[in-house]
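Below are two complexes that have subunit A in common, paired first with subunit B and then with subunit C.
Take a look at the complex of A and B:
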């Protein structure tokens, strides 16, 4: 699997300095990502799910190069890209793109949509001559926006349309891999569906791979091939989507799945045994000893408080980080 | 094209809601026209130079000499009109020097916030900001030959740090906007990111500050010529005229008061107009 992997992340760690007293060696760090490993083959959609503060966005930003990893490795098509974006060759930037969560801040309000979308084409020399008009129109068509959007400025179009423009910009350089950082969570429910359907269609047509960051578990059922759950900077369960939803093994996954709101009793029956969510996510500055989930786990044992569980492959392709799961 | 005119109309509407700003705008337009057409408007154009007529010297305002005459018999109204020219020229040239320098330094320091370029540029800026502008300009111009060009240089040295700091404060927060991140991740050059992505979002406050500073530059350069470090006599300059006239206060009050009023009008005009421009630009869709 690691031979033809598109993206490999090995034991990735990212610490942020919170506080350091002058003339003292002691410093407080926030462990945003604390030993994350996963591997993605070509044309896969991996859903990375977690609560706020779980470190899922930090994983995305480190992979894309906005942050330099504190330790660990990121390999893209076998090439080590564990540097910040400034140290990466242009060819990597062409193949690896991102769509941000907030479409209000990800498009420059002073640049027209045409100017925004044409930049990747110019930077990566994908256009001959100066006329980018047709290419930009094509990209707009790809996300089902009419060509006259070219002259508009981002503040004058709706949130969903702005996000489609963001997707068109990310697609302009014909990347192989797209990171989607909660692309729908800032939008109205009515336009979320359109964005998701566009992303599913593009993936099929362009043979893309997505690292889909979200806190919306139910969304992953339709979009992801595999789902990984993050808790306090660690992946605690990763499995194929069907198995993930039918046989969740980690107590945290069970807790999250059982708290998804549903409309009918029929759907309620599909959910795992109800586990009442307890407590709040602890501070990533002061991590709990042992298993980081033990403060909220209903099945907690003495061992969980002492010893941090290792990742175990309990079924083929189904990894869990829990002492009790079997 | 139509939308451009439409935008202009809307901007004027926002600007004109503040009646004082319109007044400021009118004062500025009027004084600029008077300065440009001074040789045609001034009743005694020759009085702007070395002209002496002791018979008509030190006369109070009359219909013939609206603002009276100085001790050499020169028409003060004419001299004020001619003195507006170096005043506006100073404002224009000083800002033309100061704004690009301060903006570029602020862009670089703000983009590399927390890194070496930030420390070097902003600590240097702090040193200049630590000295009161008038003292700094006085110190610089007293080291140089007293003339108009050197006084502009001295004023420029006092003004660039304000632009560096204004732009720095905006850029250091704008650089974290996701559109800037996005440009970096696409692989854009630093020049594109600084001048095409970030700078257009800083234009409004720079423009507002330029209008407000126009008045301050004129006051500062008038202060320099008041102590004899600006335009040299017999060429007319508002600061020099006030300085000379103040020697004959209170008997020949008109020799000092009218040039002083001219300074006040120009500075007030720019300040009122600046307020209106700030309102106009700040309520734009962000």
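Take a look at the complex of A and C:
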């Protein structure tokens, strides 16, 4: 873990109470995040990829402060923020912002776009005096929307434009770090490009870091500097993007990569040896013993059923959680 | 040979407060025996509406002002209710996008499957029907069919529910299977399994398939021939390899450019603008307001389907043969 990391997550755990009988000590927990550690330097895009139920959104919500971690540490610029949002100073909240998946439900339909974008400007005291108009127009311009969108209401603009509004809202407090929680998965491909390219441009211009949560590996190939794969609350592989796609080492990564439908023979050739996917992700309430992937792994051995593998650095910067990878 | 399904000049309108939404606009398509056809397009382009017209599932506030749909020479649009029921039992089956909404939550899986088998009339007797239901579940590779028959839909995962829907669709032998985004709500590893299952069943039984999807990758893996739809019109049709090697319509070109590739290298901003207002669709070509290559003629005339090579036709004046221009 480097000294100058912007964000450091150490052994993060988040459990949710599922069921507890009255007067009983026995309780069932859902282990959404089960020991996740990673660190992000300044100006990095880390892609956090996983299937539904892998805990990737829970990691994001814990970092942003919507959940309080059960255990583990989150450090932002060296400051411990492993409290919920209420325990954080405003200056940290200003630097850490989030864009949600569905702009239809993350933007208040009864507020005009101007009101939506001006709120963080007021809260974080980004403007002097009462005139927010110019500041809002500037933010809209940043995402290439015309200033007359200010008077509009979210339901009356298209899905892609709505997502640009929520990016503008997140950018209002001039953050250093943005969490992008599947920002394009509710949108069509023909509008996805615009959103992603805007995000790439903003990152370059404003020197931002992104924690980019998605289930789309092809997208990450084009956007991320590093990719981390999550499975059942744990990171099972993390590596630089080029290395990750050339030499995926974890069997789950190989299975994911070989199941992606692609649109050309050239891309078909880039996939790892085909592993026919089988089974489904087990319930995070009853985690399998040993390696959590052993129920679906084609190379499973006796050791995998009993012993949970530790994270190993097999190549410089390439970490894998698997007994068999080498 | 006669096509199994043929749609000619179909129009579908929906009545709303301000008039009629002219959603499907003069669509013609054909599906041959044993052929796997893809219907590709983005949200709101009328793919599902077209297939609902085929299944006679359109809501009451819709009307079909023109067109003809024939399935094995029967005229679907003019069938009586009893004929429609018979045709749904024996002719075409449909797999819907959301398996949670497609299954009845208050009946067990067994009750729902046995009901379908009983209605098809091929098997008689309580025990025989139960046996048939078990074998149907075995066909879709569900483990422990006896237990699943006693379960309710909420007790199963999304992937298992979609397998049940496929089981329902194939429980009586049909000549045509319509799969409406069968994997959109599923994870990529589950998607690969479901697609393999559909491909296997269709190939083994010689059933024709219409696959509705917005994913170009899925369409490439699954189909022989593709219709690209935009705003209720078919803009391009070609054999699958032809289309992926050489998309011609400006909309298809834009769509292909917006897909993130596994090979990296970034992607285009997508297609500016959004789909037209169906209440007042633009005159001429419906894509013309967003088209980078629009010409004066595009605003006035609706382009026909111009053939460019064997099996490849494009609805765009750019590909009008020189002689036809006068």
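Convention: the second predicted complex is superposed on the first by the 325 of 326 C-alpha atoms of A that agree within 3 Å, B and C clash if a C-alpha of one lies under 4 Å from a C-alpha of the other, contacts with A are read in each partner's own complex, and residues count from 1 in each chain.
Keep this in mind: a residue touches a chain if its C-beta (ideal position, glycine included) is under 8 Å from a C-beta of that chain, and two chains touch if they have at least 3 such contacts.
What you see is a predicted model, and the numbers here were worked out from it, not measured in a lab.
On the superposed subunit A, the positions of subunit B and subunit C stay apart, so the two partners fit side by side. By the document's definition of touching, of the two partners only subunit C reaches A:264; subunit B does not. Of the two partner chains, subunit C is the only one that A:219 touches; subunit B does not reach it.
Contacts of A:85 after superposition on the shared chain: subunit B is touched, whereas subunit C is not.
Look at A:210: by the touch rule set out above, it reaches neither subunit B nor subunit C. When the two complexes are superposed, the chain touching more residues of subunit A, out of subunit B and subunit C, is C.
By the touch criterion stated above, A:66 is placed in contact with subunit B alone, subunit C being left untouched.
Vertex at subunit A: the C-alpha centres of subunit B and subunit C lie 80° apart in angle, rounded to steps of 10.
Closest contact between subunit B and subunit C, by C-alpha atoms in the overlaid model: 11 Å.
Across the complex, subunit A meets subunit B through its residues 64-66, 85-86, 90, 93-94, 97-98, 100, 102, 105-111, 119-120, 123-124, 155-156, 169, 173. Within the complex formed with subunit A, the residues of subunit B that make contact are 177-179, 181-188, 196-197, 200-201, 285-286. Within the complex, the subunit A residues that touch subunit C are 51-52, 158, 160, 188-194, 196-197, 215-219, 221-222, 245, 255-256, 259-264, 266-267, 270-271, 276-278, 280-281.
Residues 42-43, 157, 159-160, 187-193, 195-196, 214-218, 220-221, 244, 254-272, 274 of subunit C are the ones touching subunit A in the complex.
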